[in-house]
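Letters A, B and C mark the chains as written, and numbering starts fresh at 1 in each.
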């Protein structure tokens, strides 16, 4: 699969070799992402950052990625300041932004916005999160972090904790981990279990999925604990939210029985899901994970715009 | 007329050879605006984008223009975040921004703000829209689009439709089209006809102006249909607005009697003035027009800052 | 004191040779700050501008400084659009931004935010104002302006007028002027006199401080009149504010008895503290002072990031 000139709307748009190529390129770009070397791969390229929803972390990591490769950004960070307020359709706005740039990074609250953009634009479109639908560069970043931590992305035991029902970004992660043949142990409140439809989607892939009620048991021989963000706004009942949030706070005590090599990931921002006392332990990998979003996005932009992959 | 170092407050600041030079340069810059070649004309130049009013389209096209030429931007896109909120005068704010940069692109809700900036600053000031007063780079973009569509900017028959009374940007267009000797056919509701003062201003120029009540008659042998945006906020009576807006919706049926070569322009954003069903027809030129704002602004910046023209 | 890789949280972090080196470098960078030459010192460097409080002047002068040296910016200018709104801690946000960039410029409403950032980040952190605590690059700019005006920064007579109690940025200026052995004449309403604690902090330094009730007497043989901004929000009593603001308006009449060489500085934005009629006089140096913020910040960034000083 050649990535040059392609859109990336959903992680499922990529096959396994394409994902491997991106991750391998990302590894090689870590020193450049840390500022240790200057790249000119995107020199003269202009990438539009169309963020119709606040997302500082995703926007800045894309802007860092483009600029670390020598490219330039055209940024909309304040959706209130756009022509949409004047009643313009999203289609018209996207067509305009797309015609000013070489690629379009889109964040939008509505599911399907990235697909619409990809259909309208003759430039590559990268989905930086469209509502609760897809956030493929987050999944790529998660994979890169697991690979860096474990040395390989294949055959790992990965505990996934939290809201597996509404948190659809984690569905993409489960698909990708299944693609690479990992064993996933799902831990969630009964009301927030993985929907059967997602199980069906990954049934033909190499990975295995099982559920576990007890987190300590699940952690016993895990390589990775992936903690999802519990988003208050998804819960119709505030009381239920508080119970769930509280029951899944990871602290030093939680991790006592785990292997020393266990690494904890979280897409950030976190609220109370991981206690700050975990930060200085060797388990904490979520800040590294946040940083790895930069070389991963560099690798992706390079593959799509720079003639590589 | 040498453009290097000059301000551009109003389209009337330019003479015909200066406009022709900008349009010729813009034509040559189309491939660079499309990302096909890298320019370094503005390398090391810093251009301030002072947008005291939301205007994503104009801001992004200027930022694209500056960056496609290798220059850098200093951007104020959120007027609420400025010292103006602390009670600073506009003069003080403009003096500050101007001293930090090599040129100042200004958008401001008050008529005359660009003239004030030009008087205060010893750097070139370009008016990117000051209230309902002037928006000269829009006019240049309109001219470039007509020229590209018709092959020449002279002796064309151009229907201008909509609000010709309050929409003062169209007054600049009429002046410029008159300068190049075009025939303009004005179609508007009786209450929104072109003011006599504008007629007087263009009387000595080569162009001819006539009014026409029936759009179909006007379109019969027109080269261009220029549709203006009807701005609801200008109408004291909502009922009148709706009647006017409705009476001037361009759709496929409207264009049935027109020549196949007729091209439709609109400064965008559009509300209901042009139906989306027109978009895939060969008549639709408004998206191309939006794109041409980039090479036109590149040509202008190059002339003013880059030593050209 | 080597500046490479260091933080700048408070002006007192610098010793006299370090300040002198920055000011000397700033003088040499004035032509580059004016756009007369292109520098590549920060090529490939990415500097994060984290402005959690509106401050267009400071943000733009830092962005101009970084870009005039060939570096790139990652900008947060709208605090409302950050993950802080999602409940993320400031520590987590700062860690993320810091890991995406080579240095962090931080503006924050809370005193101590810059110290927190410096402790968290392994990249240099520069305080661009943290509440009423410190604003060291403003002090450096003030010093550069006095030095340019007087030829030297040593042994000058400097009148400091206004709110010397709450306006803590002026405390840093007083410290720095004392370090260089200047004579300071303080003029303020009785209720807004310099706190004894600040006097104690500068007692061991070479400068002298005295108070004067009558501005005309103070100005008689002064080199510099430094007018502070009187910030309404600091005054519990609106009536007292109006009396103070009114009693210290500098106009042409105020300056009649001063030496022709007297120069007036103000950190801007100003409200009514200096009448616009002063602007065209040779006394007015506040616009130059605003501009000098650019070469001063260039010199600082070059020392910290570019391998210099």
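Assume a residue touches a chain if its C-beta (ideal position, glycine included) is under 8 Å from a C-beta of that chain, and two chains touch if they have at least 3 such contacts.
Owing to the predicted nature of the structure, the values given are computational and were not obtained by experimental measurement.
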| item | value |
| --- | --- |
| Labels of chains that are neighbours to chain A and to chain B | C |
| Numbering shared by both copies at the chain C-chain B contact, with half separating same from different | different |
| Inter-chain centre distance, chain B versus chain C - centres from mean C-alpha coordinates, in Å | 41 |
| Residue numbers of chain B (touch at least two other chains) | 77-78 |
| Complex contact set, residues of chain B against chain A | 35, 37-38, 54-57, 60-61, 63-64, 67-68, 77-78, 268-271, 276, 287, 290-291, 294 |
| In the complex with chain C, residue positions of chain B that touch it | 43-46, 48, 72, 74, 76-78, 80-83, 85-89, 91-93, 95-97, 99-102 |
